[in-house]
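After this come two complexes, each holding subunit A, first together with subunit B and then together with subunit C.
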Partner chain A sequence: MRFYAAADEDHKAQKGNIYENRIRLLMSNSVLFYSLAVLIISCAFAVVFLRNIFHAGLFLLGAFLGVAGIYIALFNYFLAAVQALVYSGAIAVLILFGIMLTQRHYRKEDPSHNAFKWIAFVLSFGIAGFLVDSFRSLKPGSIFPVKHLLYQMGMALMQTYAIPFEVISALLLVALLGAFSLAREKEDL
Partner chain B sequence: MTLQALKHLHRFDGGLAYFLATGKLKISTLGIHYQIPWLHLFPLAAWIISMFVMSGIVAGFVSVNVMALVWLERKVSGLIQNRMGPMMINILQPKMLASSKNPVLKWISVWFGGWLQTMADGVKLLLKEDIIPVNADKWVFITAPICVFTASLMGYALIPFAPQFPIIENLNIGFLFIFAFGSYTVIGILMAGWSSNNKYSLLGGMRSAAQLITYEIPMLLALLGVVMMTGTLKMEKIVNFQRSLGTHHGHWLILYQPLGFLIFLIAGIAETNRTPFDMPEAESELVSGFNTEYSGFRFSLFFLSEFSNMFLSCALGATLFLGGWSGPGSSYGIIAFLWLMIKAYGLVLVFMWIRWTLPRVRIDQMMEFGWKVLTPLALLNILWTGGEILLVKIQGYQHQYLYIWFPISLLVLAMLFMPKPKKKREHKLKFAPFL
Partner chain C sequence: MIGIFHYLALSAVLFCIGLYGVLTRRNGIAVLMSIELMFNAANINFVAFSYYFKGIHFISGEVFPLFVIAVAASEAAVGLAIILSLYRNKKTVNVDEANQLRG
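This part shows the complex of A and B:
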């Protein structure tokens, strides 16, 4: 039974990892965390305040990258890769793509505010308060690296949470069909 | 150096990155324990230095390799088009031998003539004027080639060039990393297309984004078959899995995943923008596509990253499907490295063969092929791999019997690609923004 042999081996290998130690050192000095936080927040501010919408899209990409960096600092390489693949590789590209398809005038400077700005202000503060409240219970050091995270994540998705996982896939399928029916040409009907 | 010492040369305990990060060179088989005296006192400095050194190593390897690849491409195109390719720039003047009667000397003169052509081209590119158009979006224009080149370099860190010689060690997401950060190529191309302020560049950038997103899906689905069989994403472990199959030097995974390999190959050609799918720079439609406005060094960065991406996907294919560094004598680090290079260059030759043989497809044909043919085939491949695993796990088949799947797979492939008589259908001109 040589299939799955590699996975078992993966599960058995329990060696100290020099890079994790290195990053742990960095995290304990908070250098990595604060530089990433500065990167993410400044990119987010650039997204909100820049008047050139293409530049705003690029800075959104920078913010996504910074979040991927936070995941790496938390030893969750898989989530970092998925963040890079899905958020910056697909979603940011789609946003830039949409801008390129719809923007008529090159380097058009759009106003970055509209009538909803106060509502948006209040809503974003509400969400921020909610997030701060939900993360307040965590103490420093309560997040620690899980060994063989990929293996455990796969097991959880396929065994413990198999039904929600399948429901989500059905939801995505429905969304796909909906997008298709919205985008197809009407004369064919 | 004796052969025995050579054999253990590659066995750093912890890999190259460990040595660079800690300054500790530990080759336990030879009893070597050496530490660079001061480096452990400044861990942050050591970390940063090691990052710079490793990036330098990868960039140097890529540059030299790309020079060889460009020269090879021109020679292969010459062979296919029945001409000699570049013959002028040599140091040893093998051109002089071309008139000799000896067939071996003649072969050498034709095949190694002009071997310094790429060097001359590179120098010419670097000496050219660096033009930034007045109406270009300056900073985006400048960053775009850097973004593309960096994305193409990052993947090299994960390729196991020899046993226990990965540049990054213990990254359990394995080749997912290559795809995750390889997707920044699209962003760079989009940035180049947008910032040039040129409609051909814009069209090239949009085509490129559409193409890369389309072909990334079948590629990842095809590689899922490999993950299902091996149970891991780590490149080193996938190579070791292939060595553990069979009797002598292992069975390559292409024997169990022929359809997956084919999908990987086609999607790889599409991802690296090579000819049957080189819509982003189709010179007969868009002047030069997304890099129309670029010149000099910035253009050469695009050129470099295109070829380095090609080699990267070939090395990935060689590692995942063709056994990686394994082969006769691969316990010697250098021979293992040569095995990987031979396999990767074999795939490179296939890429070149396809490029100089097939004509360019239309953009709508390309999109239809990606979504309607390759993606369903990749899903089929997953089903098939599940069948293989069931055979081994439930029926208790030996792996040797899985060879039976190979002729069946060829049969299925032949049936799938059989040209069918097709009803003639009138094509209306639909909304097609990339045309």
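This part shows the complex of A and C:
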């Protein structure tokens, strides 16, 4: 296993460096981060404020893809792939199907937000401003890219986090079975 | 230079947008979508801290988002099933009209 990882590293040594340097260059110009941040924040605002729930679901897909780009900017390619596959591939599609199944009795004159919207606006964006202001004292600091990240993640999943990994798989199975039995048509009950 | 401040600020703003959606949206599916935004904000924090700080368990921040994604998937499935059965019984998906359990 260790030998395989080392050989793989040798093979990718030159090739990976080119890509990582290119992304580092983008990051030093801040272009990648700021464009992704603008994408994520604007998509999130659209999710929260749009009246049309289906359009909000499509913007949610954009926000998920932007977060996958943030993982690429943080050099965790595997997590970016998982985010793109599971979040924007599975969860967003599940939500879009849920929207399509429940919009028959949709009335246009209904308000899309409840009566607390101004209080909630002040509260949540006050919290956001407070948090961002309190982060300002943080120094930029140095970065610690992990060597052999995917190898180490796999080892951690199978050694340190073996029990949580199995519990999560059981949780996923139970939750999907429960969702099936909840959403099923019940004839005699 | 992009530091950890930028990632934390992005994550805080994303979390608070999600919080606003959870507090104010009437459509149950929109509430679920806002909860997913909050999960994503937490995941950005995990990965950013793991990238900018070195500790003994530095790999935990890279692995934990996988667990969060799995829990988010099961939460979305169960939440949508609940909303579907609510829709089937009451012909609405608005969470403020689901008041059967109110005393």
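As a working rule, the second predicted complex is superposed on the first by the 130 of 189 C-alpha atoms of A that agree within 3 Å, B and C clash if a C-alpha of one lies under 4 Å from a C-alpha of the other, contacts with A are read in each partner's own complex, and residues count from 1 in each chain.
The rule is short, and it goes like this: a contact is a pair of C-beta atoms (placed from the backbone, for glycine too) under 8 Å apart; a residue touches a chain by one contact, two chains touch by 3 or more.
Values in this document were obtained by computation on a predicted structure and should not be read as measured data.
Peer 1: So, does A:Met158 touch the first partner subunit B, the second partner subunit C, both, or neither?
Peer 2: After superposition on chain A, A:Met158 lies in contact with neither partner.
Peer 1: Is A:Val82 contacted by the first partner subunit B, the second partner subunit C, both or neither?
Peer 2: both
Peer 1: So in the superposed three-chain picture, is A:Leu58 touching just subunit B, just subunit C, both, or none of them (first/second/both/neither)?
Peer 2: After superposition on chain A, A:Leu58 lies in contact with subunit B alone.
Peer 1: Looking at the overlay, what does A:Ala90 touch: subunit B (first), subunit C (second), both, or neither?
Peer 2: In the superposed model, A:Ala90 contacts both subunit B and subunit C.
Peer 1: I'd like to know which partner A:Phe121 touches here: subunit B for first, subunit C for second, both or neither.
Peer 2: So A:Phe121 only meets subunit C here.
Peer 1: Going by the contact rule set out at the top, does A:Gly98 touch subunit B (first), subunit C (second), both, or neither?
Peer 2: After superposing on A, A:Gly98 lies in contact with subunit C but is clear of subunit B.
Peer 1: Classify the contacts of A:Phe180 with the two partner chains as first (subunit B alone), second (subunit C alone), both, or neither.
Peer 2: The answer is second: A:Phe180 touches subunit C but not subunit B.
Peer 1: More residues of subunit A are touched by which chain, subunit B or subunit C?
Peer 2: C
Peer 1: Across the two complexes, what residues of subunit A are contacted by subunit B and by subunit C?
Peer 2: Residues 82, 90, 94, 101, 149, 185, which sit in both footprints.
Peer 1: With touch defined as at the start, can you tell me which subunit C residues reach subunit A in the complex?
Peer 2: The contact residues of subunit C facing subunit A are 1-10, 12-21, 23-27, 29-30, 32-34, 36-37, 40, 43-44, 47-48, 50-54, 58-60, 62-63, 65-67, 69-78, 80-85, 87-88, 91-94, 96.
Peer 1: If you look only at subunit A, which of its residues touch subunit B in the complex?
Peer 2: These residues of subunit A touch subunit B: 1-10, 17-19, 22, 25-26, 31, 54-55, 58, 61, 77-78, 80-82, 84-85, 88-90, 92-94, 96-97, 100-101, 106-107, 148-150, 185.
Peer 1: Give the list of subunit B residues in touch with subunit A in this complex.
Peer 2: Checking each residue of subunit B against subunit A gives 14, 17-18, 21-22, 43-44, 47, 135, 137, 140, 169-173, 176-177, 179-181, 183-184, 186-187, 190-191, 193-194, 197, 202, 205-206, 209-210, 213, 216, 229-234, 237-238, 240-241, 244-245, 389, 392-393, 399, 430-431, 433.
Peer 1: Could you please specify the touching residues of subunit A with respect to subunit C in the complex?
Peer 2: Listed in rising order, the residues are 27-28, 30, 33, 37, 40-41, 44-45, 47-48, 53, 56-57, 60, 63-64, 67, 70-71, 73-76, 79, 82-83, 86-87, 90-91, 94-95, 98-99, 101-102, 105, 110-114, 116-117, 120-121, 123-125, 127-128, 131-132, 135-136, 138-146, 149, 152-153, 156-157, 160-161, 164, 168-169, 171-172, 175-176, 178-180, 182-183, 185.
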